[in-house]
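These are the structures, in structure tokens.
Two complexes come next, and they have one chain in common, subunit A, joined by subunit B in the first and subunit C in the second.
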Partner chain A sequence: MSEARTILSVEDLEVILDTPAGQLKAVRGTSFDLKAGEAIGIVGESGSGKSMTALALMRLLPRIARTRAGSITLDDRSLVALSDGEFARSISGRKISMIFQEPMTSLNPVYTIGRQMTETVVRFSGLSRSAARKRAIELLDRVRIPDPAGRMHQYPHQLSGGQRQRVMIAMALMSEPELIVADEPTTALDVTVQAQIMELLAELRREFGMAMMLITHDLAVVAATVDKVAVMYGGEVVESGPCRDILTEPRHPYTRGLLACVPKMDHAPTRLGAIPGIVPALLGNVDYCVFSSRCAQVRPQCRTAKPPVRDDGHRSYKCILSTAEINALPAAQPDEAIRASKIERGGQPLLEARNVHKVYQVKRGLFSRRTALHALDDVSFAIHPGETFALVGESGSGKSTLARILLGLETADKGEARLSGRIVSRVDPRERARLMQPIFQDPYSSLNPRHTIARIIARPLEIHDIGDATSRRKAVASVMERVGLPERVMNNYPSQMSGGQRQRVAIARALIMKPALLVCDEPTSALDVSVQAQILNLMTDLQRDLGLTYLLITHNIAVVHQVATRVAVMNKGQIVEVGEVDQVLRRPRHDYTRLLLSSVPEFDNSPFQVEPLHSGSRERSTVGGRVGPS
Partner chain B sequence: MLKYILQRSALALAVAFVVSFATFMLLNYSVDPATAMAGEDATPEVIEQIRQAYGFDRPVMVRYLEWLSGVVRGDFGESYYWNTTVAALVLDRAPVTITLALSALLVTIVIAVPLGAFAALRPNSWIDRFALTFAVSAQAIPNFWLGLMLIILLGVMFPVLPISGDSTWQHFVMPAFVLGASSVPAVMRLTRTGLIEVMESDYIRTAKAKGYRGYALLHRHAMRNAILPVVSVLAVQLGQKFGGSVITETVFAINGLGRLALQSILGSDIPTVQMLIFIFALTFVLMNLLADLLNAALDPRIRIS
Partner chain C sequence: MSITSSSHTIASNEAGAPSPRSLMVQRARGHLGFIAGAAIVLTLILVALFAPLLAPHDPFAQSLANRLLPPVWEDGGRWEYLLGTDQVGRDYLSRLIYGARVSLMIGFGAAMIGMVIGVALGICAGYFGGWVDHVVSFFLTAQLALPGILLAMALVFIIGPSLWVVIGIIGVLHWTYFLVVTRSATQRLKSQDFVAAASAMGASRWQILRTEILPNLTNQIIVIFTFELGISILAESALSFLGVGIQPPTPSWGLMIAEGKQALFFRPWLVILPGAFLFLLVIGANLLGDGLRDVTSPEGRN
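And now, the complex of A and B:
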């Protein structure tokens, strides 16, 4: 690409939220440029201000938020001066299109796909209905929606999540925008669908020569998609530069920490480098380094003055440490191998599924007949003490149903679940609780909001009438220390805790019964990557110290690689492949496993293996069947 | 779809049957039909004579089945009080009540929907506060009191509208307003909350990103979604208007079904009361059916599965 013109230039953007606690600057002094056809990734964890930046650009901020900007220019035209009405008429949907995170709810449920696709160009660009229709069908075909002409008359609910996101993309392209803003476009989708959508976006961007702003928390998605990256933390861009440079040689301590938090698949798992603490709420004026409260390299002056912006014309970062000083630091990720040594698998399995079947009678809609859905089709496996057995699959694969049956929350139609050799449903509840405890995905809804942390953790003891008040209190204190919860939060309520802390509470509640086995259903998928690293490290430590056995249910292959010893791959209610983690992930035998693995965004620290964007598309097998949420 | 309509119609019939049975039993055990027919000053002998002549001495189940077989043939019996058949009586009074109920519904829609919409678009503004205050007061004011106040204001102090009867359209203005006002709070609030929810939805954000703002956004993307729950409630409210007509028609001396119901109850005119309760119940059920069908027509998620 020759020297392209700058299409978007944002300077000194601020988003101010008026909260009851005071004024909160969600975005502070953010600046970036984007050339025609270029893609920028805005990366950050929740609360970093990345989505606010995108919404501010599109003037879609919630009512309580205000924007202030030094200047925003699109194609040499100042956007700051435009009124909301002018902006809506001439910019949104025409010059800049946006794709959102939630494909399931982002299309209007009561209007046809065709109407939603064509309305903007007919209304604002003066295109005739038939011309608009023709273009819509072409674009639907281009985003690989089968039978595009037929789809025009369908409604959103008749399409799967992946298809809806394709429709959103096609809709965004209708007016041939110069810039596409994609806010976590694949976060809500299954991994195989995610890979297809990202690839499609990259392809279309090249074809139409559009610039793209990709907002994401997922560094791996960024690695495969964009030219340059801006890493945001606490409302500020702490580091920016070419994607490749930043991912291979991060300079800002936060970027270094963040990269060290991501489980890597290219070498045997090592302990993750977790960033301690949580994202602080930065109220009022911030005249210090935003990362100082969590930085391992913090110096006294970081807390009293803004760090300098170190810009070498190529990339820049905000830190008092020079590049030479940073390069001299030890690696952010400890080189400590963590996978448990060889597990003996003789004798009695701890948990076992024997030819489990489960069939649901589903009624699709009001007027249709009931059809049988085989949620589980002859599923068998055995988990031995001390191992971490991972069940991996996409939504609708049956993994959660299986977990419910194993926990004794549901019964199998055929076959049985056995705990320590006995059928789960016949094991005395108190004994079952001592053998097996669950940890759920959402630490926000799985803790009673009206109970204190101490009470939540002690609850299993109460239910099973174990010990007295004093002994329970002692047990709670010891288990809280075990999971790294400070004693002072004992009388807090869940609403006063962060997501990671809540998941620690859930783990503590499970551990208080001293179980042999923890059943963890997507234990980290609701958490930010730095918090996920903390929890995964904790799980590793607990296994080492207490000899715990885990059943880990997840869609995240990298997490499987990080903590599991064996893995079973589920698809459409069946286990298609089971074996040692290295065996299955390195040398998959089943086609579905291969597809799943090829869909995981490649993310390697060094050497950088992903081909740069402009050298042609990567070969990738396509999915035959529809893999959408059911 | 046809199957659905048939299913719902069968259900409506079942409800009608149960209601008719319950009213027949209750009426029979609360009033002695022979005494009612004979009048207050009748001697026991006369009452006994009537009992025998009209067959009131037979078991109540037999009489119910007799009544039911009459209904199936379109014969609802003779009124004890008015010298005519119940069917003729009802057919004579129904048009007035239907006119009143429909115009009341119109009043409800015209006031409640725009008010709710404005309130939703500007939450916590003066119009929102006004709408909520209005809703609370309207809910607290009884129908008959509002009717009497209007009569005093627009019929006596400033005599611009007729206060009783049903011969011209002007006669319906005040009653329709009174009857319609009672539904305004519920419908207004539902429109408001529905629209607020819709305006915060992801697809409205999408529409905004596509360049829709203001009225076009409301009209092209929000209203149809927001109106779905309102339609159901409006249909139910229309059913209630028929029942509610008892008070309003009495206050404004309108000769409709509501007033007939009151007169029949006071006159212990059992066949007429029986028929009216049957009709009110059936209307209610049919309005619910209509609401479901309208929702299916407006919402493709129900229509196409």
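And now, the complex of A and C:
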């Protein structure tokens, strides 16, 4: 690697946002460089400035943002002095290509794939139309789009999400860029598709010798894909170095904390090490350590002076603690086993699905015939008191439809859902509410933006006419304490709260009626890793203290491993496998379960062990990008 | 929510974010159109409320000796009658001041009636969908296909003109904007998780509509209300001008324009003055509505 030339060198990059509350430096003094063919992962939680770094490089920042940089050189050419027009003509899309997060919105819906792919190179690279077309078809074939010539005439809506992201990648490769900037390229995709896309990117990078900048919040994705990592926090790179070293032996307290937050599957689940607090908004000048407000190892001088950069030529980090001092610290993740003891499964199940069917009539056009879409096909399972039952599947597998039926928000076409032995749809809604409460995925839409936090949490009491104003307020205060919300946020509106706090509010609202069962639909997938850890720990605590039963619906296998006792795997509306977590995750029986497990990004150099059923069956399947009806 | 402890400079970040309301006030302060519109509308409301104190003369008192006096800045104008007099010698300024009462009553009354009809139908259509939506949409199409002024004229003619009839008829004919906006906003809100959460709590449909959906519509409703205010005032003027609105001798700006039109060539102020007041009020209402939309919408996004 050392003889390779340096493609990109960024020095002292700053992005400044002028907000009504004051000047906010979203990126402060970031420096890194990248050699030809090398991949760097920029990792951080939301608000860390990682996307701003990429956007600043591509000059795609919103208008309120200003960029300042010591120097940015691409292939020995300084980019700082270039005007926006020159940059757009000669760099953007030609030397540097970008892949965006949302494949659903990053292609223009009114133009064909072919036109979108060839337009830029025909206009700017002087390629002839037919040559551009030929290259586009080649590249579509290269990113494994079936029937590439036919796809050229199709429109984006005719492709699945995974296919669109492949088209985006092929499009980014059209002008043979030297650098690809990928901003969360797989976050919006299913895990099996994610695995295929990441593999494809790595392969193409080797083949074309491009450098890549991968922006992501997912440490496991980084582990499998890049050579070196820069960990960002509060707009600063707090630690950087070779990927393996950082992930196995992190030095900065933030990196250590972050890694301890990730549920790992290589040993029995232990309590996650959560970083307390939230990412602060750092307004104005920061002449202290950006992580000091959340750091477990904080010293008085961290709050008064910037920490030194400790660089051993190989890797570097910003902290007052020396490597030896850090190595002497206790592990960031407590070694506290949390898997609940065996659940007695005699007696009546708390929640039960019996041969549930749900069929949607889909009409694909005004005059076409209706086709039946089997969202749920003969689904049965039983959840017993005290257990955490996980329902795993990818988008379109029917798991959310099932949740809505179980909650009584929709009705099954055939079969029935039973709550404590009674059919859910026939139980009085208010009585049902006392037994079962939902937690939704998106904490931004699950709270009414016009109500205060206290009102939101007390709402169930209002609806059920329980208590008076004082007793309600007391109940709210006690349940807020239970879920770890400070009392001072009572009169806040949801827009004043962070994602993790909102999810705590949603949990508090669900708990105030003291239900027996919580139905959690992707409760942490909209949250950052460190916040996910806080919420998962909270769920574990609540189960231990209150004897709650959970139905956990998720696509995240690691979360299942962390909290569930039993798991059911769903695919295309059917439950393909159900059993104890250890049983299903270690010794899967069904092919789809194997595919799902093998797609989970491998983390920490300790691949998740799946015992082969018979040798040769663990090949990673690359059947089409489409999973289930979408 | 007062900021009492300053020791938590960093920790207070979680609670220290400005509330939606204070952000709105901040935006309103910097919005020129909003300030101008609010100032105009407020001034005219005050004028209407305190008309008896402000008007120099009785608006109904005729003085045939002082017919068609020009405003004070023209030749022959008198300080006693600042804006001159009309065909039967009534003080024009006093009539304009009292006219503000009629215009504002019609504006607010009619917009209120339109709001009740439109919002009720819109929420039901948006929330229940299905056949309710079809029926409401049919009403909407029918209403949009009807020539408004013609229908209003016919109705006033049948029922007989009076202030309350005019308010009622204009209101009943101006609910379409309310319906269209609340319907689509409700459709969007309905699919949000907090509505599903409320129904999982056992809330009835009525409770969901009232406590979860309606508070989220207030911004849009206020904005449309101000626009409809202006439109209703214009509609009343049109009806009065055509002779089927407010009946003489009640002072109404539209009626004053109609009465002045025979003398338009030689006594243009008879038309220009009420026209200018009308213009001022309507533009004030529109500026206010525009401003309100700008001031409230950033919060509406989350």
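Assorted remarks:
One rule holds in what follows: the second predicted complex is superposed on the first by the 606 of 630 C-alpha atoms of A that agree within 3 Å, B and C clash if a C-alpha of one lies under 4 Å from a C-alpha of the other, contacts with A are read in each partner's own complex, and residues count from 1 in each chain.
By our rule, a residue touches a chain if its C-beta (ideal position, glycine included) is under 8 Å from a C-beta of that chain, and two chains touch if they have at least 3 such contacts.
Model, not experiment: these values are computed from the prediction.
Between subunit B and subunit C, it is C that contacts the larger number of residues in subunit A. Within the superposed three-chain model, A:Ser97 lies in touch with subunit B and out of touch with subunit C [touch as defined at top].
In the superposition on chain A, A:Ile64 makes contact with neither subunit B nor subunit C.
Of the two partner chains, subunit C is the only one that A:Asp442 touches; subunit B does not reach it.
In the superposed model, A:Thr105 lies in contact with subunit B only, and not with subunit C. In the superposition on chain A, A:Pro486 makes contact with subunit C only, not with subunit B.
Of the two partner chains, subunit C is the only one that A:Arg509 touches; subunit B does not reach it.
In the superposed model, A:Tyr155 makes contact with subunit B only, not with subunit C. By the touch criterion defined above, A:Ala4 reaches neither subunit B nor subunit C. The residues of subunit B lying in touch with subunit A in their complex are 1, 3-4, 201-203, 205-214, 216, 220-221, 224-225, 228, 298-302, 304-305.
Considering their complex, residues 20-21, 277-278, 280-281, 292-293, 404, 407-409, 428-434, 436-438, 440-442, 444-451, 459-460, 463-464, 486, 488-489, 491-498, 501, 506, 509, 513 of subunit A touch subunit C. By the touch criterion stated above, subunit C contacts subunit A in their complex at residues 1, 10-11, 13-15, 17-20, 23, 26, 192-194, 196-203, 207, 211-212, 215-216, 218, 299, 302.
Interface residues of subunit A facing subunit B in the complex, by the touch rule stated above, are 58, 60, 84-85, 88-89, 91-94, 97-98, 100, 102, 105-112, 119-120, 123-124, 155, 157-158, 168, 171, 364-368.
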